[in-house]
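After this come two complexes, each holding subunit A, first together with subunit B and then together with subunit C.
After this line comes the complex of A and B, so read on.
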């Protein structure tokens, strides 16, 4: 671990009161951030269906109720499939695209980059209705294919930004050396470039999966019951009922997200994740 | 390895192909509906401005646009107002790098959990007999529960929570790259901390503030889950208008509302993008 550095108290002459105040604010901020997640976990063990604080007693009945609802299990597996396939597709297309953006200069490159990033600021509901009409015209309704295609577009900009930032930091002389020694461009990409951007691939893959796993309004018109994804199943359930079944499911999802982040953090050890921040 | 023109084009093909077919075409196919008519519960595919005219003649449309803009302004102001001191405290008042990383991760941790889950958390917290109302009542501050749900208050609180990491992150990133010797020099020359903050630190960190505003404003403008679940029908914003029109099969009217939403988003991106270039150059 790096050395602790002295506090920057507006550069020296720290007011102890100001430092205490700022630190207290930081604690409150962390509390505010974690509170909604913490309360969901507490409520998942509540003994009653109605929301009251503190819960009058504790039970596991909402977990039992959740287990009895096959719809959530199916939706979870569908979200998993859509997330993994869309992430893989976006990583493949995004890597090639980021290589071209970083390693070649052509007219209109910045405009192209802006276009590729634009789905981030595009209102998802507008895209969602667009896909609904588009896939209906093609008679491609239901199933997972429209969802996978739609999610690929939604996560592609995140993959392109992170991989491009990662590629900018690479030392080109390594690739030149490989090519001088007779490696083909494909071999150079596979054996020299990819190992160096492992961190970028892992982080952008994780982000892409999380973003895909969280789509509601972009996908709500692409599902028709039989192919509901998990967030949509939860959203529709919450429009009707508000018992702690959703809290039990949310608690499992919080654990799932924590495990996912831990696995990726472990796999990305030794890579300089700070370099991935776009400047 | 440098990449030449033709190879670059080849590498761009998969991404651009996907974007053309699955992004440009669906948007176009949808938005042209705004130029069609909707009569007697059916879409009439003639080219006309009648739907657009009707939208802008209806006072309800202006209420929806105003509600969207107001929500975005309030949420952006709150996320900046809370996010800036948090980023500032994290960078200047936490000395140990390990503690900084852990606190930073805690602040960003909600991002990995679905918006639906986070909104649900606020649904429990803000309920009449939920934590917030119960604590306020026990403290003797209120007699009857405050109606915090199914109105603007609930949506604002929840959306501020959801977008807070997007404000902390860019501001922290700029603060951590700042050259603090300037502040130190000002300090040596006798400036007090308010002067140092207002005249040196804040102007230097403006790129982070503008970037944070851009993200928070556009994301609150297009927020859907939170206004739908916590607004109780009282927070009628553009994304809900688009959703409801689509449910009623009134694609033309939805397309006009969608176009307005799109134009507002792009206007915000353009304005704040220019502001970002200005403050970055300064």
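After this line comes the complex of A and C, so read on.
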């Protein structure tokens, strides 16, 4: 016993040191993430037009200026529309893809899986150029449809990955039981499968929406001024003006994103979070 | 509610392979409408697979399933009149008990009043009143099994497929549920196809039993039939306890045969198919073996008690008879004399109680499928 004690103490000391180190890294990481956001928020309340930090005084004038820019309002609504519709489309398509990948064995399944995930690794600029030529050929430039289609494809990999991971954890005999009790495949999907992957649907939907809302590189080839999305409108504004209006808008977007996450977190309460993550 | 009555089920030359091994190998049987039929066999013998083909969950590689005379073909489970109690239960974790039980009724779009009434009835049947709003994860294993039963029974199926539905229950509850199920089956007139590896359960509940091993259906018959006339050593061993003595037919007499087994010559019942000089097994149930003090003039064989166990209603002996291990189970009443380990005794049996079984080259542990296949035509039916 007496001999064992120094060993234990040593192990405990090493453990404590490691915990402290991990904790330090954690806070450094959190700091790196939050600091730029904090700077943006403070900057948005600046009283002057030029970029100086900390600002000499505080005001709400940039929020007032933001309100006056009709272009931003239109762009926000467009981005919202594109994001919502693309997310819905990706959820519908992604669910079917994930079901096929998990539930049935067919030739070329792994190839299909790789293909579905490829938009993640493909440079978005390349995709954008491709779509630009494609939609030009179809005479479909402008409007929201090309944007929605493009964003659906870009967010699809996220949805498929998360939903497939969810479905792998589901017991297939539950679906058999539902069918045995008279449920058609569609009813089985609706009453048995979907309720159990609710968390995955919420999380992948949120992720898809945010990726779409944030999308610049590919969108830039598909907008023609009258259908600018919000990030592109911000980009254009910044080319002309360097005042804190963009900071004010960013602050609002931070609040918007925070609200979205909070809503999803609330809605996903009670679902098994471990099953949400890809294995 | 008018009872629709159980539907007859016919299984013809069913074959189901997984990879290269046949999980179900040329299985044929018929279950009458309203009959309680059990499939009995050791783990991995293909019981679940057979049941899943009948229910429509598994596509057969060959053969047919007919329900009520209609070939099922590739009909999906939701369009068959069968309901299944799954081995792994498959209860819906996102519904509470009541909604699990009501699921099938709601699929039929019955009025909600009717759904409530029948679901409550079914829950009462399995003694789960008051548990309606429990989550599945809040139930014990036995309670979950009863929910699974209720979820199927509530639909008043014409054919109910049960895959070891009582395996998670303790002995007392299991016996109680066996009686309950049997009563239900009789009252509802439902056809039951009941899978179990518990021979006691199969014997106690079934009208007829099919014994399976390694994908093959070895014998079908009433519990009595199978107990009294096992057609293979495997069946003899699997149903109840059995002494199986291997030997060759030494003499054919009008009602009995004599079998030479090593140094011994024993007598058994004559069925008619036995051939002089052919290898044969003799099945003697331990409870049919009598044991007496060696000095008595009763005759029989000489043996030495190797081991003794008192189990309440009987005393079980392991006796060495000239190198042949023999088990005897002697009914016990107060005052029955007990023999001590090491004591020399006389043992014997009524020849009519010793059943000839076609030999298959070994006891059931080493009997392999090829041998058994060769044997099948040699059964009493074809003699």
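By our rule, the second predicted complex is superposed on the first by the 255 of 279 C-alpha atoms of A that agree within 3 Å, B and C clash if a C-alpha of one lies under 4 Å from a C-alpha of the other, contacts with A are read in each partner's own complex, and residues count from 1 in each chain.
The working rule: a contact is a pair of C-beta atoms (placed from the backbone, for glycine too) under 8 Å apart; a residue touches a chain by one contact, two chains touch by 3 or more.
Since we're looking at a predicted model, the values are computed, not measured.
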- Simultaneous placement of subunit C and subunit B on subunit A, clash or fit: fit
- Note on the structure: To the nearest 10 degrees, subunit B and subunit C lie apart, as seen from the C-alpha centre of subunit A, by 100
- For A:240, decide between first (touching subunit B), second (touching subunit C), both and neither. neither
- Task: Determine, under the contact definition given at the top, whether A:269 touches first (subunit B), second (subunit C), both, or neither.
- Result: neither
- With the two complexes superposed on chain A, say which partner A:171 touches: subunit B (first), subunit C (second), both, or neither. second
- More subunit A residues in contact [subunit B versus subunit C]: B
- Message: Per the contact definition in the header, classify A:187: touching subunit B only (first), subunit C only (second), both, or neither.
- Response: second
- Query: When the two structures are overlaid on chain A, which partner does A:96 contact: first (subunit B), second (subunit C), both, or neither?
  - Reply: first
- Which partner does A:137 contact after superposing on A: first (subunit B), second (subunit C), both, neither? first
- Now for A:196: first (subunit B), second (subunit C), both, or neither, which partner does it touch? second
- Item | First (subunit B), second (subunit C), both or neither touched by A:179 | both
- Note on the structure: Once superposed, subunit B sits from subunit C at a minimum Cα distance (Å) of 8
- Task: Could you give the residue numbers on subunit A that contact subunit B in one complex and subunit C in the other?
- Result: 176, 179
- Message: For a test of understanding, state which residues of subunit B touch subunit A in their complex under the given definition.
- Response: 1-5, 7-9, 11-12, 14-16, 18-19, 22-23, 25-27, 29-31, 33, 82, 85-86, 88-98, 103, 106-107, 109-118, 120-125, 127, 129-131, 134, 158, 161, 164-165, 173, 180-181, 183-184, 186-187, 193, 196-197, 201, 218, 221-222, 224-225, 228-229, 238-239, 242-243, 246, 251, 254, 258, 261-262, 265-266, 269
- Task: Using the touch rule from the top, collect the residues of subunit A that touch subunit C in their complex.
- Result: 171, 173-174, 176-184, 187, 191-192, 195-196
- Message: Taking the touch rule as given, give the residues of subunit A at its contact with subunit B in the complex, in rising order.
- Response: 1-13, 15, 18-19, 22-23, 25-26, 29-30, 32-37, 39-40, 43, 50-54, 92-94, 96-97, 99-100, 103-104, 106, 112, 115-116, 119, 121-127, 129-134, 137, 149-150, 152-153, 156, 160, 172, 175-176, 179, 185, 188, 210, 213-214, 216-217, 220-221, 230-231, 234-235, 238-239, 242, 246-247, 250, 253-254, 257-258, 260-261, 277
- Note on the structure: Note: in the complex, subunit C contacts subunit A through residues 55, 57, 76-78, 82-84, 86, 88, 90-94, 103-104, 107-108, 151-152, 155
